[in-house]
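In what follows, subunit A forms one complex with subunit B and a second complex with subunit C.
Our next item is the complex of A and B:
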């Protein structure tokens, strides 16, 4: 037997000779190609500050933070099937917590402490909101409407509580990240390096997200998304899972918001509102819901495009975005990533046939 | 310790020499003015293979929905393993040992056959740690569960593409994967080929040696062959109960079946 079978593998390409017939398998080529693509993009992004203008790098850094925000939305909407129209409330809450802590309080290592609180605060609010609503048996449609109200309430609250939030003027002078231990050390992150912090944060959150969706917890979420009755009839309490993923997601949104506050140095009520809440849904949808990488691509590409081209097209930009959304929903419901995986399937079929 | 309790609680039934696993008292479900299940009293000893038959609309599935906790009881009590479980949610009842296979397979269409099974297996060891990796033991268990039965499809494929017969088998396997004491089977062989029905019932009968089975089934031949006892429902009420030979001779049962058509 062994004399008749021979395998030769060069990287992802495997050549096997069995009983006189020869087979070329490129089975692992796609996964390796994906890794190669991701790795190359990462290298390009690391080298980007040396290639592009400072203005573009600044845009890219903000795009990465919005990409983290989009991942947080994808976790609840793409994986657990819970549509949220108010996630900016949590992004904004994180930003305001960061802003208030770093400008009003004088605590040691305030920047990093701000990041931690900007994660924990929104996570706690998310857990309470989702826990109370879902345990009362509220349907997901009503939950969505309540999240919408949440964004409106949050942005109004930021206007009204002007003593803390600065009202419609917002908060200014929020410092970049730093570590400060009085009498021992003070470190302030140089402005140019923030781009790398944003990139590392994005890669980190993406990897954590990947780990979450592949965990048994993530499989249960996928089950809830597909058939909640069945999940329940297997002995799972869907309320617990939905509440936990919502809290995780709002925590991540808050973390992204805190980084945004630190980088832009200025925050104002629209950051909590309805417009950003819906914009992130468009990013997720265009990129590909339930894929993690899709929302990253969607958020980055659309944010960059908006800032680079909206000046040229002025009001037609919003129109164009609307038309793009309609086109995506009608023609490519699985988004950009869906188009790629369709092409991959076609390629696989072609390879199998030849 | 609970066995002693259940034994004493079950003394009102003549044949309860064995401890009673499931008992219902005056179980009733109303939908508006319609009484779908009316005053049903069941007493199912541990280890029994018990079938529920009756014409369409007799209230069989509604009864199951109440026992499984997917539908709240309008009136009456459900006692399981000595504890009252009336009003408990479906997942709480699963944790206590009641599992159910739906008549229309309820699967996760986008997940693979093995992922479906793994979700059922994992329900026994739930983890709320979102960073935990999948336990290889659960993957192995999912494979083992599948090997118990003749399943002629690729286990790596999404279940939405499965044939009806395979969907029914998977539904049954998933309900078994949570290792229940009481298995509620709602027409496990409906729409399945004749040959497959026989082997499925053979399999159910084999696994029921370690469990108590409550079966809804339209195929009366299969019911008579496998059941220890049978309950006949008509218009939501129990009209007869007893061994297969008792049921076949009971005229009220024959009338009910004739009258319904």
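Our next item is the complex of A and C:
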């Protein structure tokens, strides 16, 4: 190689100077288009409160929290290949921890501490459950069945432990986020600003998730999902990896649940149960499993659709959702994102040929 | 010194035993082969050494440590590297990425350059994806990758399978070079000639048991029994 070679890259644009001749190349179209699409969507979302009604913005904020929840499920199901039928137990646990800390302990001012505990608590439970089960050599199929039981146990526990959880009435009057250091400062988040908190939380969790799946930890996890024996014969302990990702995922689910509790101000046992656990699977599947962005799209789109159309179609909504799921699984098993990447591949091939 | 010892190992899948009372010993610094027809339990024996399955009965000891029931990542940490029959190459990773996958203790690792020393072909192919390698290249990559942790025992499951005669010779030479440096190796093979050429001692399996063993020179002369258990004519 000659020493005269120089490369200068600014974003997708690459300038290379080699032996006196200069070449300017523009990076692959689809990388640009993707970044442009994500950037534009983010701008639209930031400007959304100025455009849409408060009702719609409120729905969108909740959709973002469910999208965080969907990311947590995608980490274990999409990347580690562990199907979980009980993730709402962790979402709900986070919500209840937040609710109990801010109302029952009459410390309404420690919302931020609540968020932290709502992450750590479910993460710890997730670590213990996965650690104990996987280290006993339980298969992933049995693990799935146990997660199903977990959701049922959690929602029953919320009913029975009514002194703390309010039983079937649930907990009300959970305050929005705030910080209070006695004598120094008091800050309450205005209701209108919560939308931005949810958006920032979603973008943050998405970026953290992206980092994780691209890290050596994430690629090892993908390897374990592909062939556990192969990866463990190269020195990696699959139990450790599966346990860690499960704990991380349940922590994120709890975090989303805590934000949900703070925003809605009211939580009740169905939040921990089987229905939400399966709904999130549908969001992930429709959006595209193992893509992170797919579950975000799936959760947001389906939650919004549910709230806007279920009023019109009443009970047929659930039927429609079921049919949609069947159609997706049959026709587009890789979900919405899968359809886009297929189109992208075709476009690239077309561009390369011309 | 005895590095690996299996005594009366019974193992199998889902309650049914594939191997019934396998006993064998491997001295440190030797190459030993385990021969037998398809389905006699050779791979199962390897799997019970590395811990993919755990023995129902009997013990596996490695450097005097009882490792029966260890998980694969635990036997790996003891210094046992397995090259599986399917080679276990990651198709979407390049040659050099595949070589960087194994968990290594940096004080003890063999550098990538050292691996390329054994397999110059791999250096030429370092940026090729695993899926684009030929069978022989994949086999070399799998052996190279297993060497990364500088194992104390290298287990090879049918390294000659599916390879052209010329390539088998190349792989055989590489194994001999590694062995000359003092590596302890257990080779499972159906290719009797290849295995007898590279090893000093051989065990022959039939129906889940060791039916004969001896130095490769002795075995070569016992054509009658080789024919009986392996169905091959040795020249």
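The rule is simple: the second predicted complex is superposed on the first by the 323 of 354 C-alpha atoms of A that agree within 3 Å, B and C clash if a C-alpha of one lies under 4 Å from a C-alpha of the other, contacts with A are read in each partner's own complex, and residues count from 1 in each chain.
As a convention for this text, contacts are C-beta pairs under 8 Å (C-beta built on N, C-alpha and C of every residue); 3 or more make two chains touch, one makes a residue touch a chain.
Predicted model, so just to flag it, every value in this text is computed and none were measured.
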Clash-or-fit label for the pair subunit B, subunit C on subunit A: clash
Per-residue contact with subunit A, leading partner among subunit C and subunit B: B
Which of subunit B and subunit C A:248 touches, first, second, both or neither: first
Partner chain(s) touched by A:223 [first = subunit B, second = subunit C, both, neither]: both
First, second, both or neither for A:234, with subunit B first and subunit C second: both
Subunit B versus subunit C as contact partner of A:215, first or second or both or neither: first
First (subunit B), second (subunit C), both or neither touched by A:53: neither
Overlapping contact positions on subunit A, where the subunit C interface meets the subunit B interface: 223, 227, 229-230, 232-238
Interfacial residue positions of subunit C with respect to subunit A in the complex: 50, 52, 71-73, 76-77, 81-82, 84, 88, 90, 101-104, 145, 149
Interfacial residue positions of subunit B with respect to subunit A in the complex: 68, 70, 89-91, 94-95, 99-100, 102, 106-111, 115, 118-120, 122-124, 126-135, 138, 174, 178
Footprint of subunit B on subunit A - complex, ascending: 208, 211-212, 214-220, 222-223, 226-227, 229-238, 240-241, 244-245, 248
Subunit C contact footprint on subunit A (complex, rising order): 223, 227, 229-230, 232-238
